[in-house]
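Here subunit A shows up in two complexes: once beside subunit B, once beside subunit C.
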Partner chain A sequence: MTAYYAQLLVNGIIAGSIYAMFAVGLAMVYGVFKFINFSHGELITWGAYLTLMFSSPPFSLPVYISIVPALLITVGIGLAQDRFVYRPLRQSNPIAILIASIGLSYMLRNGIRLCWGSDLHTFDLPLSTGILLGGVYITKIQILMMLSALLFFCILYFLLTRTLLGKSLRAVSDNIELSAIMGINMKKVTWTIWVLASVFAGSGGILLALDTSLDPMMGMNSLIKAFAAVLLGGAGNVWGALIGGLFIGIAENLSVAFISPDYKDFISYALIFILLLFKPRGFFGIAGGVR
Partner chain B sequence: MDYLYHILIISLIYSIFAQSLNLELGFTGLYNFGHIAFFGIGAYTSALLSLNGVPIPLAVIGAITLAGVAGALLAIPTLRLSGDYFGIATLVFAEMIHLVFLNERDITRGPMGLPNIPRPEWIGSGISSLPPFLIVTFAAAAVTFILLRRITNSPYGRSLKVIREDEFVAQALGKNTSLIKTKAIVTGSAFAGLAGVIWAHYITYISPSDFTLQETILVLLCVVLGGKGTHFGPVVGAFVIIFFAEFIRFIPIPSEYIRFVAPLQGMVYGFILVIMMLKRPQGLIPESRKFTTTNA
Partner chain C sequence: MKKFIFNSITVLFLISTGSVIAGEISVGSVTPLTGKLAVYGEGFQQAMLLAADEINAAGGIKGNNLKIVFEDNNSTSKGSVSAIRKLITIDKLPLIFGPASSSNFLAVCPIAQDNKTILLAAESAAAAITKCGSYVFRVFPSDLLQGVGVAELTNSLGYKEVVLTYVNNDWGVGLAEVFKAEFTASGGKIIDELPHGEGKTDYRSEILRMKRHNPKAIVNLTYIKEGATILKQAYETGLNVQWLMGSASKSPKLIDLAGKASEGVIGTYPTFSQETPQYKTFKAGWEKKYPGKKTPVFGEYNYDMVKLTALALESAASDSSDDIRDALIKVSQGYIGTTGDKSFDESGDVNASYGRWTIKDGSITDYK
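Moving on to the complex of A and B:
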């Protein structure tokens, strides 16, 4: 019985590390530009589908190489979102940006449907067998998922705390006007945020797709989880998003032991509701800021 | 001709739905992204009641009431949230309702949906029922239009607009803003329920996949395109969108390309939303910014 719970816990950590990768980009964009980017989910989907595209004919690259052009294009999509939609709207009211991001997300999602159809796809990989570690089954891809999440967060930590760029990122999310007055290069900071958000979302999407499958709704479904993670960690807080993501993943997977698996998604929805109502600043109530 | 009746009925149903969203989104500034939940609650309640032998008029009243009550239940906790957080909470609410429709198989039959939803005897079924159904739908849309127009032109309607422009001002003027907003959501939800009821009895088959984010985006598009905060805007928006969607079917498309139509249509909808926000956020019919007190 303990093995059963341990298995659920491990599943939760795996799912949670991916949610955390999705949540980071959302939290950073929220922290600086103060809007919820609905089309963030579509970066997840596009990252995964583009990898599928480069790894199948006519390109037929090995999966680990096709990740590179896929991520480059995902970053391109992220930057284009900012350049053509969010930057022109920066001075208008936040609701206009929200509606625009919903529209953008719908457009990109249907773009996926147009190119690849609505059916499930999987990567043409040999079935990875599980390894039994102390009563818990785990596949190589799942280990890869956890290691990549760890690596990404280490790089992010280094970037935010040890570089000048990271310092300006933190300053901008603290107070965008004051930072601009102090001569921080806003273009560079904006650019960095979108690149980071796209890379995290795209890589997370690829890892998720390697473990499960690809479908056009994967981004939207993950986005709601990521949003729950962001709320849990306190909006605009990168480290909160990491812990929030892990928490959501574990809570969701452990819930299977107690309630019907049909209602697995209900957990994160209910959590969003409860958090919004009682703890809108998150459990790590550091007000705003990429810290 | 029969097909035209069909398009008109669907457009009128969507115009009711869009007007109800407009009361919240356009007049009060409450960004409800889960409005489809109330449409769904209305449709499912009326369908389930009438399938279990409750007379249709009673089922309709029950459905509208339940949609309104659900609106109150959503409004009371979420109204303390502002702007985008309210949007997220409502979106999540709609997803939760969708999951309930999908998973409470004993009641809703889950993904199989509810077939053979009855209609009143005097309307009947088949092609001959289209004109009377059109009249009923038109009457409902007209009642919705007149009632919502009266509400929004009344002193209460003006306080909604004040809340939209600046909630603190409304509070400073001694308005109980949360009560006013709750009333707006209950009214909006009840009318959304009405739209859902008519839809369920018109299509006679409902399933959880009819009540998803996609429909929320469609109705949002109707309101934003037509012009939020106006009386005619959502009606015009609904007619434009539904006629556009239906007339695409008449374009001769080779059968091997037919699967590209729905995604392309979705891309166009998304694109219109983005372009409207960038170029014409006020919609086709802009709201008059004059403060008039005599046009009630």
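Moving on to the complex of A and C:
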């Protein structure tokens, strides 16, 4: 019986680390540009599909190599989103940007359908039984998922606290006008945010696809969880997003012990409602900004 | 020139109002002759024409020749709707053979029912068709019957306690209800029962729940994609059980997606004996008319549908659709066609017998 709950907990941590990777980009973009990027989910999907493309004919690269060009193109998509849609709209009203991001999300998702169809795809990885650790099964991909999330967040921590770029990023999110007056290179900061958001989303998408499979809706479905994580952590708070993601992953997986598994998404949606009603700034969103 | 045009119009008029021409009785057919189902549509058409030829060679219907007016639906629901509207309003036909694929068939059901036109299906399995109405019949067994088929399979393999999981939609829930009723009535016990969402990519929580009870067998009523994902993730989490499935997952695609995790799955599918005299007659007729061609998918069902229709038209009191409908129900009782007993029940469905499939060495074979 303990093995059962331990397995639920491990499943929760795995799911949570991926949610956190999706949430961090969303939180950063919100922290600096003050809008919710609905097309963030599509960076997840494109990352995964591009890896599939480079690992199948005519490219036929090994999966671990295909990740490189796939992530580069995903970053390109992220930067293009900003250059061609969000930057021209930056001074217009927030609703316009919101609607634009929803439109962009549809466009990118249907682009996936156009190129690869709506059918389910999988990476042809050899199937093997997971490793048994103290009654808990865990696959190699799942271990990789947790390690990647850990590594990514460590790098992010050093970037934000130990480098000038990171410090200017945090300054910009505190006050964008003042930072510009103080001579912070806004172009570089904007660029960094989109690169980080795209790399986190794209890598998370690839890992998720390796663990399960690919379909055009995978980004959209994960985005809802990422929203919940961001709300929980406090909009704009990177560390809040990490803890929020883990919390949601663990909560919904532990809920399986009590409610039918098919309704476990209920937990993340219920959390969104409760938080918006009682704690609209999240648990860590005391001061906002990228921290 | 003018005379030529006038004559052409007259001829066209005569052709298009086929049911009026003396010596011919016409019925309609909405068939996918173009589009993605065209590969099957051609076979359906050939099987129907074979049956019509045999009927006409044997003296036709009340001395008249049976004629099938084919209308293409471009394999789409939209095309099916326009095709059936033409057959009902312009050709004024009392009986129409419906289009393949359940969604196309369901699109035309209400139109036929509202216009009191008899609609027959030869290859649509969706359970929802049962509720289409009193003018809708099918010679193909409903998916719901599979619930019974899987229960019989479970019993005969000696599993008294199983975990039941099914795809969480109308089809899955309906199928699970039938299975449960049948299985518990025969003394079986369902240890746990859980729905799984359609189209999800992660079923690990569901699998964990199934595993909790250490079942020997799991009945999994689902589609191909969902089935493959569950089999794969169950394999990864070390769940080693006998999987029992229906015919909706019987596809080489299941093996493509799940690989070796699909080995040993046992399932049921609707089938019929190829040893009956009826089947042999069909086979001989087919080889004579289309030498060197393989019998098409569902060809036998299409053949039976036309044969049964001819019997109904023969014994109908008039050519009104109500009379034909009464006659159709009557002649179907105890009628043994190529695909077995075609007696319509009160909702226009037929019974079926089930075969068994299993996956062995990466391919689907009959389970013995």
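Simple rule for what comes next: the second predicted complex is superposed on the first by the 289 of 291 C-alpha atoms of A that agree within 3 Å, B and C clash if a C-alpha of one lies under 4 Å from a C-alpha of the other, contacts with A are read in each partner's own complex, and residues count from 1 in each chain.
Throughout what follows, contacts are C-beta pairs under 8 Å (C-beta built on N, C-alpha and C of every residue); 3 or more make two chains touch, one makes a residue touch a chain.
Owing to the predicted nature of the structure, the values given are computational and were not obtained by experimental measurement.
By the touch criterion stated above, A:I36 is placed in contact with subunit B alone, subunit C being left untouched.
Contacts of A:Q7 after superposition on the shared chain: subunit C is touched, whereas subunit B is not. Within the superposed three-chain model, A:D262 lies in touch with subunit B and with subunit C [touch as defined at top]. In the superposed model, A:I272 lies in contact with subunit B only, and not with subunit C.
Residue contacts after overlaying the shared chain place A:T212 against subunit C, while subunit B stays out of touching range. Of the two partners subunit B and subunit C, it is B that touches the larger number of subunit A residues. Contacts of A:Y64 after superposition: neither subunit B nor subunit C is touched. In the superposed pair of complexes, A:N253 makes contact with subunit C only, with no contact to subunit B.
Under the contact criterion defined above, the residues of subunit A that touch both subunit B in one complex and subunit C in the other are 260, 262. On subunit A, the positions that touch subunit C within their shared complex are 4, 7-8, 11, 15, 120, 122, 127-130, 132, 137, 139, 208, 211-213, 215, 217-218, 253, 256, 260-262, 264.
Subunit C contributes residues 168, 194-197, 199, 201-206, 208-209, 212, 225, 229, 232-233, 235-238, 257-261 to its touches with subunit A in the complex.
Of all the residues in subunit B, the ones that touch subunit A in their complex are 29, 31, 33, 77-78, 80-81, 83-85, 87-89, 91-93, 95-96, 99, 102-103, 213, 217, 220-221, 224, 259-260, 262-267, 269-274, 276-278, 281.
Within the complex formed with subunit B, the residues of subunit A that make contact are 35-36, 85, 88-89, 92, 94-100, 102-111, 113-114, 117, 220, 224, 227, 260, 262-263, 265-266, 269-270, 272-273, 276-277, 280.
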